[in-house]
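These notes concern the structure reproduced below.
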Amino acid sequence: MDYAEVLQQIAHELAPVIGQGKVASYIPELASVSPHHFGMAVVTIAGEVFTVGDARQPFSIQSISKLFTLVMALQLEDEKVWTRVGREPSGTPFNSLVQLEAENGKPRNPFINPGALVCTDILCTRYAVPENAVVEFLRPLCGNREVHYNRAVAASERRTSHRNAAMAHLMKAFGNLNNPVGEVLDAYCRHCAIEMNCVELARAVTFLAHGGTHPAGQGNILSTSMAKRLNALMLTCGTYDAAGDFAFRVGLPAKSGVGGGIVAVMPGECGVCVWSPALEPSGNSLAGSLALERFTDITGRSIF
Amino acid sequence: MDYAEVLQQIAHELAPVIGQGKVASYIPELASVSPHHFGMAVVTIAGEVFTVGDARQPFSIQSISKLFTLVMALQLEDEKVWTRVGREPSGTPFNSLVQLEAENGKPRNPFINPGALVCTDILCTRYAVPENAVVEFLRPLCGNREVHYNRAVAASERRTSHRNAAMAHLMKAFGNLNNPVGEVLDAYCRHCAIEMNCVELARAVTFLAHGGTHPAGQGNILSTSMAKRLNALMLTCGTYDAAGDFAFRVGLPAKSGVGGGIVAVMPGECGVCVWSPALEPSGNSLAGSLALERFTDITGRSIF
Amino acid sequence: MDYAEVLQQIAHELAPVIGQGKVASYIPELASVSPHHFGMAVVTIAGEVFTVGDARQPFSIQSISKLFTLVMALQLEDEKVWTRVGREPSGTPFNSLVQLEAENGKPRNPFINPGALVCTDILCTRYAVPENAVVEFLRPLCGNREVHYNRAVAASERRTSHRNAAMAHLMKAFGNLNNPVGEVLDAYCRHCAIEMNCVELARAVTFLAHGGTHPAGQGNILSTSMAKRLNALMLTCGTYDAAGDFAFRVGLPAKSGVGGGIVAVMPGECGVCVWSPALEPSGNSLAGSLALERFTDITGRSIF
Amino acid sequence: MDYAEVLQQIAHELAPVIGQGKVASYIPELASVSPHHFGMAVVTIAGEVFTVGDARQPFSIQSISKLFTLVMALQLEDEKVWTRVGREPSGTPFNSLVQLEAENGKPRNPFINPGALVCTDILCTRYAVPENAVVEFLRPLCGNREVHYNRAVAASERRTSHRNAAMAHLMKAFGNLNNPVGEVLDAYCRHCAIEMNCVELARAVTFLAHGGTHPAGQGNILSTSMAKRLNALMLTCGTYDAAGDFAFRVGLPAKSGVGGGIVAVMPGECGVCVWSPALEPSGNSLAGSLALERFTDITGRSIF
């Protein structure tokens, strides 16, 4: 498969829609990003790298970090994670409290905010500086030893995170948070503010296309069975409450963030990452979703 | 892949759990079925058939009919179907009215009862006797020209279908049902009462493993793109509100029914059907779910 | 208290707002009523009658009939009524299904549609022609032996009552409806279509201001204790989901209908009825609510 | 009316049920109170005092403080209060987040926790030490210059107030809280921990039975109209989600607290307070509710 050509074609076709949609505006640092960026990268399990556009420009990974905190929580606690967080699509917006209250403080899945707060809580119990642990986990995985989080973004997000605080306190009330709410929120806002580019993110997820083993010799990240299951979870829950539609249109396991990035996995083949900051109402990158839809259309490959 | 041996192994391993769970009891005809049945069939796109146990014994397909009424609705109205029914997991039980009311009478997806009622309504508009149209659609697909629905089961179900009537009237109030409520419910209860066996159902879904074309020369059922998308929809929405967990554990597109049947699709490979009447609390066959989980474990194949 | 003067003053003050709001439009017969009507009547327990405006013009009592079907149900089943319907404000619109589903088919109170359907069901069990029983109950109470229901209104409402049908079927599914859904809906639509004027309605509720005994010699309708309790129920639940605000502003037990009528009770003193067809968004008569607010302001009397 | 005899009779009749129900257990200080206390006091607008049982023993007023913080908020902001908090019964438990989220952070009424947090926020804006302002407001009103809050109870409650913190953060996220969440919660937990006895509380509410003017010369607390309206609000919203049932059975405006106290108002006549720590499932004192029901039965007086 000539991914170079595929990416060129996608960038060409999508040029008219780049900038449509709305950049996330709840913190000034995200709101100031230009909506006109577009980058995409494919990293195969053989290590080949294909790019188009702004694929080397770092952006705020935001909710994509939920994928990595889940992987780290699974490494620490394995199946025990599922006693504290479910594996079902939420059917409601990512930051809704309704379900959390109705279901006794157990989040529906690890890819909505309260679920990621539980994973962060697991990291807080194990690591003195959990955000640094996430960064150190990512550096070898993505091949960039300079990856870090943006302190200004983290601080700005922390100041406005009242809804996340509400969810964390509610889980605390139900006994589903072990560390102080403030510490969990600090760590959460910081790992959301990690900055990476498309190539780094595509490379970081190649182990999910490769049975849980990092193709570039970083060893076993997860068991084959758990890697496959994580892909299933991304498919059903990875793109907020548009997951059904996303699976329908794209047909690949994926995780998105409000910074405009989306990572996707083609099992047995490659990791993919696309970035374009302007979002659909559901919170997924508008051009990014379309790019992935075209990717499976043009290559004729999806998991279905 | 030696499916004969795989099926033998599954049947052997599952013997201790057959009969655990609870047979659907809301109508006498279903409640009287023995919980101790277990059958499983694989039909490859090359036409090979593998079976174990009660794979040739007919049972009530119940909600598996939702898959076929959706296919027929898509044949009639193509993408227009999605203006009346969504493509998202529901996050609530299959017969809940909450979401339907909150979302103006548009069901979340075609695999929950109100969504299937909309598909049935589309058939009612096109066919004088829609349940017969479903039966006639299925006969060549499954290779049995005698397939029919059980009139006693249909009548019994119709008498107790007050919750379905509530949903149908609510959709009618929102303008999302074109035919009289009574007619739609009649047709719905009848196609739910269709009786087929595991081999017939596994064969009937092979077109979904084969790009939308029936492998045994029955022609194009759906476009390749639509067939893949239907698989995605089954994965995210096909097993009631346990779809996330099912995808996580099994990793195959599937549709279940309260009669204890589950059909699944291995893209590019085969259709699968398992039947065992005793159910988990979520409404899926307990032994059937475990059998499919073992199937992907033993074969090492899933879509992820 | 010179009620004649009070009514004059109210009519004078409210003249500018008569016609503001929106006439109920869900059936043609109601939609065609002019929004410019305004009538008000006071009938004291001594039998004095005071009127202003269109107080002698009959209108469709609609949900005010819920008060009378409840009284009849209490006469038949006394406290047993409360095993099937609650006594709490609903907190949601009068025709919502959410609560009904969450609370196993037991309506919150008898003044929302599903609660009134339960009362009607009780009448259906006792009377061959329940709507006639309601009419015959009302005739001596209101002093007009010609009171009847409007067949065209009833038929029109019946044709469009899909939401009520949804609620009735849902209650039937929960075992909280004893008679066939169609029969209950027929009776319900007919007693909603009863036509009375302000004087008749004010007189009909004087027993609630008089310890349960009809002041004009029609005997005991309810015990003193039950009459007081019914007043409490009207105060907390009688004006749809604006009951709290209505109690706050008006301070009298009251029951409203989408025909634009509102009956109110001044304990120990009089029955009151106001009619003006244009409604607030909550479904209560806009001018009627304001008239009752002025009534308690000017007289300096309320129950608080 | 010989209230002394009425109270004796009530105490006698209720003796068998004292101690039934469950003392609030969420903080140790409340859990350790004996369930066997029972006290009741009537203070007439003429200043007469009638008591029975433990009417002079102080207890934690808890949610009864919501009544007084509302009065203080109304004194400061008058009708502007209603732009931030509603006047409708909630239909859901007092500490539910569902409605708060669905209605954009505006609490249904000032007698549920989030509504009281808004009133406390108003006091935080005006007073440097808001809990002291509440105490100073109460001292002349109740006739005891030593009234204070219990620091151990307040601190204990503050440590476990994660659900209140969740609600406060959610309102902050919606822009309906002006002061820092921590400060509002501090003040809230402290005014809930105020300790008063039945006589003091009955006296403190006499102004609501007296047109807003304190009968013992402490001046106008509220306008007559606002006092009546506050009574209406207590009737529809004062006893958690049992308000409808309470109005039905008791027929008096009332406000309860999980410390086991309930204050009630007989307009034109007296203030009443009953205390017994064991609660019904709805959070109201079990014996206290029954005592007030007997009070209106025996005196033959209620507002209806």
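All chains are identified by letter, namely A, B, C and D, in their written order; residue positions are counted from 1 within each chain.
To be clear about the criterion, contacts are C-beta pairs under 8 Å (C-beta built on N, C-alpha and C of every residue); 3 or more make two chains touch, one makes a residue touch a chain.
Each chain and its UniProt protein: A, B, C, D = Glutaminase.
The shown structure was predicted, so the numbers you read here are calculated from the model rather than taken from an experiment.
Undergrad: Steps needed, at minimum, to get from subunit B (Glutaminase) to subunit D (Glutaminase) via touching chains?
TA: 2
Undergrad: Considering only chains that satisfy the touch condition with subunit A (Glutaminase), which of them also satisfy it with subunit B (Glutaminase)?
TA: For subunit A (Glutaminase) paired with subunit B (Glutaminase), there are no chains in contact with each.
Undergrad: So the centre of each chain is just the mean of its C-alpha atoms; given that, what is the distance between subunit C (Glutaminase) and subunit D (Glutaminase) in Å?
TA: Roughly 32 Å, centre to centre.
Undergrad: Between subunit A (Glutaminase) and subunit D (Glutaminase), tell me the centre distance in angstrom, where each centre is the average of that chain's C-alpha atoms.
TA: Comparing mean C-alpha positions, subunit D (Glutaminase) is 48 Å from subunit A (Glutaminase).
Undergrad: Can you check how far apart subunit A (Glutaminase) and subunit C (Glutaminase) are, centre to centre, with Cα atoms defining each centre and the answer in Å?
TA: Averaging C-alpha atoms per chain gives centres 55 Å apart.
Undergrad: For subunit D (Glutaminase), which residues are in contact with subunit C (Glutaminase) within the complex?
TA: 86-92, 99, 108-109, 225, 227-229, 231-233, 235-237, 241-245, 247-249, 251, 253, 267, 297, 302-304
Undergrad: Flag every residue of subunit D (Glutaminase) that touches subunit A (Glutaminase) in the complex, lowest number first.
TA: Going through subunit D (Glutaminase), the ones touching subunit A (Glutaminase) are 96-98, 101-102, 162-163, 165-170, 172-173, 181.
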